[in-house]
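When the chains are written out, they are named A, B, C and D in that same order, and each has its own residue count from 1.
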Amino acid sequence: MTEYFKKMFNAIKSILTGMGITIKYGVNPKTEVTQQYPEVKREPPDRFRGKLFVDINICTGCTACARICPVDAITLKTVRDENKKLRPVVFDIDNARCIYCGLCVEACPVEHCLYFEKKYEFSAYTKDELISHFGLGELKPQEGRVEEKKLEPKKEEVK
Amino acid sequence: MTELINEIITRLANAAPIIRLLVVIAIIIVSSVIVLAVALLYEGLATYAERKVAGDIQARIGPNRVGPYGLLQFVADGVKLLLKEDIIPFYADKWLFIIAPYIVFTASFAAFVPLSYSEHIYIANLNVGVLYILAISSVVSMAILMGAWGSNNKWSLFGGMRAVAQIVSYEIPTVLSLLAAIIIPASLNMRDIIAYQSGGLGIFRWLIFNNPFTFFAFFIYFIASIAEVNRTPFDIPEAESEIVAGYHTEYTGMRFAFFFMAEYGDMFVVSALATTLFLGGWQIPFIGNIVMPVWLKDILEVAVFFGKVFLLIYIMMWIRWTLPRLRVDQLMELCWKYLTPFAFFNLIGASVWVLLLHGKGVYDIITGLFVH
Amino acid sequence: MVNVDERFMEVSMGPQHPSTHGVLRLLVRTDGEVLTAARPYIGYLHRALEKIAERVTYPQFTPFTDRLDYLASMNCNLAYAMTVEKLLNIEIPRRAQIIRVIMAELNRISSHLIAFGSFSSDMGAFTPFLFGIREREFINDLFEMTCGSRLTYNYIRIGGVSKDLPEGFIDKAKEFLDYFPGKLKEYNELLSYNAIFIKRLANIAVITPEDALDYGVTGPNLRASGIKWDLRREEPYLIYNELDFDIPIGRGEMGTIGDAWDRYMMRIYEMEQSTKIVKQCLDMLAPGDYTAKVPKVLKPPAGEVYVRAENPRGELGFYLISDGSTKPYRLKIRAPSFANLSILPKLAKGVMIADLIAIIGSLDIILPEIDR
Amino acid sequence: MEPKGIYDILSKTFSSKIKQFLENTFPPTIIVESSAIVDVCKFLKNEEGLNFTSLMCLSGVDLKDQGKMAVVYHLFSITHRHKIALKVEIDRNEPHVPTVEGVWATANWYEREAYDLFGIIFDGHSDLRRILMPDDWEGYPMRKDYVYPKKYHTWDV
């Protein structure tokens, strides 16, 4: 019988302790931690891995990024221009495939060429809109094409 | 309300019988629409309040987008639910499936009828008010089982069986603890009960303070009533982590909304019953016999009544967002091993008290000592 | 289950069910509320990670390990990195080792916070879940500062870590470590020692030490059975042998050793210990390299290694066969949840549906890791 | 106990059934004939001084170039804190291995996985069904010569 009442007493005590904690939050509006998103936007830290951006003018077309990419999100096509320099004519990054792992950024040998922007809002209506095109475009015929190097997604990739 | 109708009928005594009938029907329809509108407004605000309370307790903000402070959130929710596709499962028992939400809804609203909101504002002055509420709210369990069976879904069936087992079991401590209070004013009429609790600074003659047994009876009733309305920690009929959504798993759109609103309606009814029986109904505390215009007094009384009810509802919400859920057998254990025996002994105690002291409460006795 | 026994009801629980922690499907045979058998069906999240591993180079596979146990990506990264390092025989700079320990332990805390939170919401108490998420945000912010990502970190790489700790990390981490123990106490008061919670979990689904070893149960679940076994202490990797921390084991505080409450409580205790470890590591940090010199093209010598590490959910093992090329010949992932789940059919006999939820929650399985 | 010592004990008890000892793997591997694997496992589990309490991992391996399949058992003793790997090599065309489910219960699921992904048949297994792939999947995806299907039912893969 004492056991019965003791159990009941302990149960009520523990429940009241719990309710004491919740009421503290319930009556104190200062405990709210929510950020009102569209109005208050948090500033991502410097190392934030957002949308990939390529400064195409300093890109050497070495294809290191496309080779390291584990999901083949980067399509790169380079041709040699008249100065024998590799020119990235097509540089597409498929943001829908990208897993934001950052391997390409680390692989890029040029300082501040391929990097993450602090951008995290890039929803789109179609998948095509999610592909960012950075390529310089095909050369005009008079500029001459010497060599073509193309990296395409590997066939029979497992998704 | 009945007096109002009677008065109109007497004034129309000379009119043709058909016109009298039409007038009466019109009055009934208009008054039910008013009650329904008020009740729907209450329900909308209650869902809003629930979410806001949950937000506060969980260190969040809660709805704050639709309207000022998100107050119109329930309108948006209602519109959304209205526009949703009404899905009736192919293998459902269509008749039961369709009719169940209406019965739940009707039963929950019918329980609003005998409540007395102020001295002059009430819908029906039933002499069996308490009994009526208890009876009509039991219909809910039947309708829940209808919906659960009609859905032809195994999770629904689990929910329905749980709901019926739970509601039927918890009726017993509910009624026993209510009886402990009812035997003092010796009436089932809501207005009589409230009138009995007047005086004593508007607070000390409340039945909860009448004697130690009614004090305990209040808490037993409150716990049991949480179970009656299927709220955490007793929400096993719709335990979302176990049986998906319980008896309303297959319901969509407005049909789901009926179940949902009925839950909040039930919350109001059980809280109002607790207020009426234990907390002095619309008796304004600490005012005593100050003379004031009738309309002001009525407004104040309504405000006090709703204030008390909402306080109880807030406690229900507070409990919901704090405690984990009981298991189905533990729920029954709580009912049969703890609440029912306690309520029973309480009832015996209260009866003895009434018998020995002729219904005098603690306050009466103490003031009686000073008078002599 | 071809032969249908009419006495029982067979219910498919999942793959879409609120509390199967992802897409686990359980075929449950019930006799009323009591289960007679539960059969797990897995594979809904199968992404063929082991096959992918054979087609990508060693460094390229690191991001895929993030997606094993997405709540403890750091630990998965760490185990994979250690496996390849074992094959390559690289020595890791001391600073990198300390950073790795800090990250692994912080991630252990954040993973246990989710385990705590989701378990509490399985039990019907939703508020602790939000509290757990709130504290986890702190850790996520720390990780985001360090590596730029909040969930799939890809931070611990073969040879070290990808970046050095950012400025202000230590202060922020210390701030968190000061703030966190108070919150843990709050969790205990709110949930762990709540009477309903204990009632739901004590003596439920007891895993005996023999069963635990037989079924290959590891991690907190094994320790809850009373076996003091933690790879961080018994087979120390990184700098764990220099650190001072306890290995909590199940003591059967509320019932039997190895019951669901013990398993739950292990996680609370481990969060305490991890806080202690991170504190020590922050003091140990000294300037140095954050990564060893690793060639750009990794060509480990041919060989076979099996390396395991203590993850929040148990032992994560990688069995790696290299044929000397740039890609693994075979990579077998020994996921802790896989073995932990395999004991479920044994535990889920003669329990109630609500207990089944408690079992799944207390085992703290995570499906991406099971299905790989 | 040192792996070498375990190997010595095993080769003394099972003589010719124990084929080879690979020291440079981690943990060192003992190659066992497939017919003896259950006895070896039982011996390792129950023999005083060895007590391999748990099966850490069981993996199938496709050794296509050698025309073989292998099943690798990573064993571990919680009482003596030593570990060892056992390897069984079998014919690639008829991969049959006796099940060790009776020794460690955890082998049940691992063997199902190896069956699912490699098509290794574990004789005597109580419940040898696919575990990760759909029940009606054709072929064994982790084999090195697996050809990716173009369609699964009516869907493009």
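By definition in this document, contacts are C-beta pairs under 8 Å (C-beta built on N, C-alpha and C of every residue); 3 or more make two chains touch, one makes a residue touch a chain.
All values reported here derive from a predicted model rather than from experimental measurement.
Asks: I'd like the most central chain, judged by C-alpha centroids against the all-protein C-alpha centroid.
Replies: Central chain is C.
Asks: Suppose chain centres are the mean of their C-alpha atoms. Which chain sits farthest from subunit C?
Replies: B
Asks: From the C-alpha centre of subunit B to that of subunit D, how far is it in Å?
Replies: Centre-to-centre distance between subunit B and subunit D: 64 Å.
Asks: State, to the nearest whole Å, the distance from the C-alpha centre of subunit C to the C-alpha centre of subunit D.
Replies: Taking the mean C-alpha position of each chain, the two centres sit 25 Å apart.
Asks: Hey, how far is the Cα centre of subunit A from the one of subunit D, in Å?
Replies: Those two chain centres are 40 Å apart.
Asks: Among the residues of subunit C, which are close enough to touch at least two other chains?
Replies: In subunit C, 48, 51, 127, 134, 190-191, 194, 196 touch at least two other chains.
Asks: Can you tell me which residues of subunit A touch two or more of the remaining chains?
Replies: Correct list: 15, 18, 21-22, 33, 158.
Asks: Show the residues in subunit B shared as contacts by 2 or more other chains, in ascending order.
Replies: Within subunit B, residues 57-60, 321-323 contact more than one other chain.
Asks: Once you've mapped the touching chain pairs, tell me: line, ring, star, complete or other?
Replies: Drawn as a graph, the chains match no named shape, so other.
Asks: Every pair of chains that touch: which are they?
Replies: A-B, A-C, B-C, C-D
Asks: For a test of understanding, state which residues of subunit B touch subunit C in their complex under the given definition.
Replies: 54, 57-60, 154-155, 158, 232-233, 235-236, 239-244, 321-330
Asks: So in the complex, which bits of subunit A are touching subunit C?
Replies: Residue positions touching the partner: 10-12, 14-15, 17-18, 21-22, 33, 44-49, 68-70, 99-103, 106, 116, 154, 157-158.
Asks: Mind listing the subunit A positions that touch subunit B in their complex?
Replies: Contact set of subunit A toward subunit B: 8, 15, 18-19, 21-23, 25-27, 29, 31-34, 36.
Asks: Under the definition above, what is the set of subunit C residues touching subunit B in their complex?
Replies: Per the touch definition, subunit C meets subunit B at residues 9, 11, 17-19, 33, 120-127, 130-131, 134, 190-191, 194, 196-197, 199-200, 352-355, 357.
Asks: Which of the residues in subunit C end up touching subunit D in this complex?
Replies: 42-43, 46, 48, 50-51, 86, 211, 213-216, 227, 229, 234-235, 303-308, 315, 317, 319, 321, 330, 332, 334, 338-339, 342-343, 346, 371-372
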